[in-house]
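Following: one structure in structure tokens, then a few remarks.
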């Protein structure tokens, strides 16, 4: 939908500032009461969902005859974590700030108001099918010698979609290998697309390049269909969220169930196919990746408009599904952590739908270093406040950003991918 | 024509006096304000006359000192600071204009005393908020316009309480009504026709003159009447006491009791003041004091309104539990004084005979200020310590600690009982103690007399804007000049 | 209103290019709609035979401009000649086929005549006396209709957009010669060398009826050898998607796509081509598309009529075999 | 208007360039408001010339002085809700106080020192950990306590216990429009702290506000102390997922809906309930408002309205009452006297649980955290114009005289399609200070997407009616009311000019006062 | 040597078809979900220029000239990152494709070139990615009074001349043209190089001039001869793919009379 299609939503923002905080029912302390990384960093109301809606409205109504660098910053210096979407409903049930912000980005891109770093990501993506512009042919290098099935040659039960980050950031290759080992406990045939895998397109969409996203989504859908897989498993929350939310909401379906590795593992534990031999005496806290949690909630394509239901009473016709992030993947990782002997889980103040973002998403890591780092730092402080020894998460983007931030800020907190703990508990090396 | 004759024209000959004996009564008081004899005393009988007097003062450059309570006076605010002042004695305006049970409100003129008001309120099942055993001629308006603390802190939401609406003649001669009386209906009667009762404490919007005027020693205008919030007269009530060797644990407990609203009257006094309140001669006072613990928490438990007895019973039971938590026992009797005796002699009572502060030595000098409740004991200790070092014995210092505004502040009153001939020699200690307490964080919210010079140099911007405000409401400066920060430099 | 002048382009063999007959047919439609005459113009050196071959094609007149300097296309000589001819006969329209030659020539003439030009037209519309030139814009994603102010109105016609003119049964067109003055010294552009390769067959991609194209899936330049064999067998031209051209596996001039040739052959065989937007934009006008790709999920199958999911190295020999067997 | 370059430079030097913006996009986001008080112009208001983010009292002071020097106006806003937060003059430097969001609970003294952007919700969370509860304005926990206490109005459901915000400030730190810093009460006494806001001598709090504040006209309040009230029992906790959360049970908490058929008996009950001093929360609202809180979409709301079940339960509006006792004895007494009075006055008590979990959660979250009131006030159209008379006096006056007047005004407007038909009676009211006074306000919803929408007119109409009938004082009605009581407005304007010699403060009220010729 | 490369921005032609929303009311294409991009044809021209610069890094300066209703600085950055030295953008109302023809575009560019100053060589792409007209280069040369060569696949200048390889049917011809001149570059010139991270960063510091129509001394867009009358969607044939084996291919095509 174009920006102007969100006129009703943009013009009904209450300006109540709820989009900046976690729901006031749930605030546990002043220190961790904010939930929007943007407003926390930049302070101008413009950098909140409400501010962005007003900016979108001004543009849609032709009140602005120019685009400025500041406006671009307002629109793009946001991790698209979706926290505002969860909060916003307090005073108005008709608003969808994250959709408005997505439309705003797409509009800016259409207008050529592009963040240069994003443009180069997209250029690389178009050339090499990954967000780093790395040579496509190396995409499957991590799997060398693992004997995984190639979906272009044979049909598989499970397609492991690795995603750009894990494919090209070799620090994660060991995690991938562990994941493969764990997945093989299932007895199912697991395949990969190897060098022919391409980006899910989620980053492109959230950077505002909807056309590019559609191209990748179409390719992805074709690839999954051709593989014959019943399940697509991913270790990357970004990919997971893209498949769960963005694909359906843009009319793309995957002919397979999309499963995050934590859900896959959790299921293996339930089935008794995965047993833990080792005790891991570790106190941990778990970070909900936004795109696994609130933005991992299944999306729905809505085609309708706001109509007058009665005098002064307008509403979406047909009813627009209300998305509050509650149906994201929250329990599987927690179930796993609780199943691992010795691991003690302490929750942070902001969890589940109200998780504070890691700072890597929505094109921020690529273009807005300060925000990526400060946002991660805030989360690390919150994790430290729980007294846990380690921060566990389930997304390579979060991990990357946490690790880099920890490197520069210092601190004794350890960062784990949940797969590492599972593998260790299984008795792996 | 002279001022006297012009005033006589306005309010009648009999209401204007320049009788030296009369004037002498207003020339000094039990404070260090010094002595200045006024030129005239006028006694207006209604708001219109007040207005006429003020207008005349503007015309003739007279200085007006409004006074509504009778002697003895302790604050120096009614002693003129300049020569030739005209005392506006309002003590004759004794109308209780309205009492309304449903809305728990009464309207009174400046001359109405607590005793007079309560007598009338009793008939309606209401009570007024009493300061601690006021003198019998203490004006209700006089107390409240100077933010005098009252003894039921749970009803003290604001230092301005319990005043709701009021009518003033401003220093420039205009009339202003505040709070629920402000309008928009013109007359009080019109307001009442639609259910109004001059009940709102706030003025409509943007500013609130009543708040400005309170504590100003009459510098902005003269109050013609106020409406004041009243509370239900308890159907059942009992006074309990708890004793201690120092005030701190009592204050701590008192704050908890206030939190739970278990008590109506609630304050801490030392044994001397407790005795002064009940006994009339120095001997009897000392005799009682002997029997008392050094510090006493006084708490009145009341049951009001629907199911008053149930309310009373639960409070008494809860009070016992709560007191236990502080290691205190709340007893209905202390030093031979029963709660019922205390109730009948002190609670909602005016001091009979000689004012209780003059009973011990014939004169008294007060140091009082505000502090957070938990710091009150510290200031008391500091003051007593200084007195001790100066050879002023502790057994001549009465203490009264009264919380207000929901326990955020505590009025800390130190009464130095001195003989009339000792007042001059006491002055240095008085000033040193005040200064030391001030430096230590004691807040002199009503900096009368010499305290003004101590406090206002620290409040330069405040004083500047206070003077600017005065220039708006009293452009010619006719109202009680020379007081507080309103001194001519 | 002046006549409709249709420029007839000759091949290297001095024969009329088939695509020019499509331009002639477009010219005829305009002439009929405007009620004016159609004049065919043949330019070159030694072009009598070609002019003669045009006499059956319903032009009212055939103009011949013959000059030694027009033997090969030279931008300046051709432009000067056409400019002068137009100034002489004052045509209402000047239409020509869109070819490598007119891509250069048409804008030069437009500039010389200060006339409006619409290039790459695929259709015409006539609306209350106005001729609208229809052409794809935004790389084929949108169609646009243009009108041209002033005279002559210039247009180039995209191959395969109009039915080629058919020779008529009745009258033969008159041939008229028109004198051209050209001076070799008047040219700033000097032709230093002309290099021709074998693969062109004298036939451009745009005009070929069958095109066999290869993509990244061929794996290297050697794959194109098989394609050439197939093209030869089918009598078609060889094309390519962009990656092989960028990778240097084949000459970039055979690129089919929105930045290369935009073609509409009768049969298009895409081998090892995944089907990017860039490529599809250049060939989706083909009547029949055959796709050979080893990946079942390749987008090219979405726009193909026939699909073979297999490696080209297996498919093409079998295909050639099949073609030869039942010949 | 664009800000003069020298002024912008000066602001950048004073506050840091990252905290100053006159970017057109930023400006637009600060000129939008479609919540409370959507005015005649729709949701777009005046564009400020510049937006700044001061980080301290000193920075505020510098900014104010710069505005004075460059003949600019300024207005500060905190979380920025309601139209009053916006600029009303074209040459206005808008101060977003977002960087000043500190709050400090001074535990032994029972007050909180709060900066402008600290919210009531945050304050409450920190206060409850220490056995206190702040006053929460009805607007909701997102509202700034400081803004409401100094510049706006500030009643709410808890007012029966915690009073309203005019009555709660202690010491105040205040940058006057002249650029001087004024510190009230105990603040300037060495080592004293923030425990008192009146005096020394006269209370200059009186030039800060009345029942409502000056809405920006007084300069910038940078820090104030607010007194806290006791909270019995464990901190309120809530879990779960939106929109309906699960509150943890309060051991001695009691929440009920009550409705009366007879308005006189209702008033009798309110007086008597107030006198028992048991209530911690009281709020009247209508069936329509309850539906707004319960509905998850406009269509859902519309269905509810069609079914009309809640209208059958609460044809005359309903009250939510809540108390939280310290002891079982107190609880038992409270329940007993509560039920006794309701029964005696013919009221009906409904346990919200009987209307379903969401209804219970709405009740308890309203009662404790003022959470859903805002939603009821704003939905379903997205905006609300509180309709006067907005009477603010005795229970009798508000509940008997004012309510009916307002309903008659609303009927007129609904008939003309200028506002949404919410069932006419959509008044919210709350008791203050054990029922000593009462506040009533009427929700009037409208949607700018409706061509007939004209919410502003009803305010003026309401003012007129209030003045005509002598109801009041009607807060916010002063510009109109000044004509009647001119001495009040005249002095107010004089005070304004005294603290703001260069007319630098941008206030809707001051502007209105000027227009009224006061 | 000063090379000016004219580059146009147009909605990314590689976006999906439905991204080209046709506003029939205003006869305008509104891109949906796709960014403007440097015209791919003009990227070929820039690549040709960069190859000239490769040969003589010190002496060859490349200025990119980009005109349009709205020029995206970010998109232009790509040209600078790839190796252009500076950029000039000319923006103004009325400069959208729908309102321009080749003559007016050439006129605008000619004015801009005059303002830029002396040049040795101008390179343009074969055609724009929006109007696909393919005339502007030659018209621009005409207006500037310099010779032009089109369909260049290789451009090799020396001090006084430029040797251009021009694509012809079945081969190419080498043309020698005196400087200054203009070459219209074909796609055969090759794909624009992909800038490395370092070059992308450096590009941000390269000079970019932003000229309004007023700065150009032009009040309105120049006269035009070709007028856009309407826009509509192309009709596309829907195809249903029939999957067969390689061995069957010849037979099936024959049966269906395709061959």
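General observations
Each chain gets a letter, A, B, C, D and E, in the order it is written, and its residues are counted from 1.
In the analysis below, a contact is a pair of C-beta atoms (placed from the backbone, for glycine too) under 8 Å apart; a residue touches a chain by one contact, two chains touch by 3 or more.
Just so you know, these numbers come straight off a predicted model, no measurement behind them.
Path length between chain D and chain E in the chain contact graph, taken as the least number of steps between touching chains: 2.
Taking A-D and B-D together, the chain pair joined by more C-beta contacts is B-D. Taking the mean of the C-alpha atoms as each chain's centre, chain B and chain D sit 33 Å apart. Here the CA centre of chain C is 75 Å from the CA centre of chain D.
The distance from the centre of chain B to the centre of chain E, with each centre set as the mean of the Cα atoms, comes to 89 Å.
For the pair chain A and chain E, the distance between mean C-alpha positions equals 37 Å. Under the contact definition stated at the top, the residues of chain A that touch 2 or more other chains are 215. Contacts with at least two other chains are made by residues 11, 14-16, 19 of chain E. Touching pairs of chains, sorted by label, consist of A-C, A-D, A-E, B-D, C-E.
Across the interface of their complex, chain D is touched by residues 8, 11-18, 21, 23-30, 33, 39, 43-46, 50-52, 54-55, 57-58, 63-64, 66-68, 70-71, 74, 86-87, 89-94, 306, 308-317, 319-320, 322, 324, 326, 352-353 of chain A. By the touch criterion stated above, chain C contacts chain E in their complex at residues 11-12, 73, 75, 99-101, 103-104, 106-108, 110-112, 114-120, 127, 132, 135-150, 188-197, 199-202, 204, 210, 234, 242, 245-246, 251-253, 255, 258-260, 266-267, 276-278, 281, 284, 288-292, 301-310, 314-316, 318-319, 321-323, 325-326. Within the complex formed with chain A, the chain E residues making contact are 9, 11-12, 14-16, 19, 30-36, 70-75, 77-78, 81, 194-195, 200, 203-204. Chain contact summary for the complex, chain E toward chain C: residues 10-11, 13-17, 19-20, 22, 29, 40-41, 44, 97, 101-103, 126-127, 129-135, 137-139, 142, 147-151, 153, 163, 167-178, 186-191, 224-234, 236, 239-254, 258-259.
Within the complex, the chain C residues that touch chain A are 277, 294-299.
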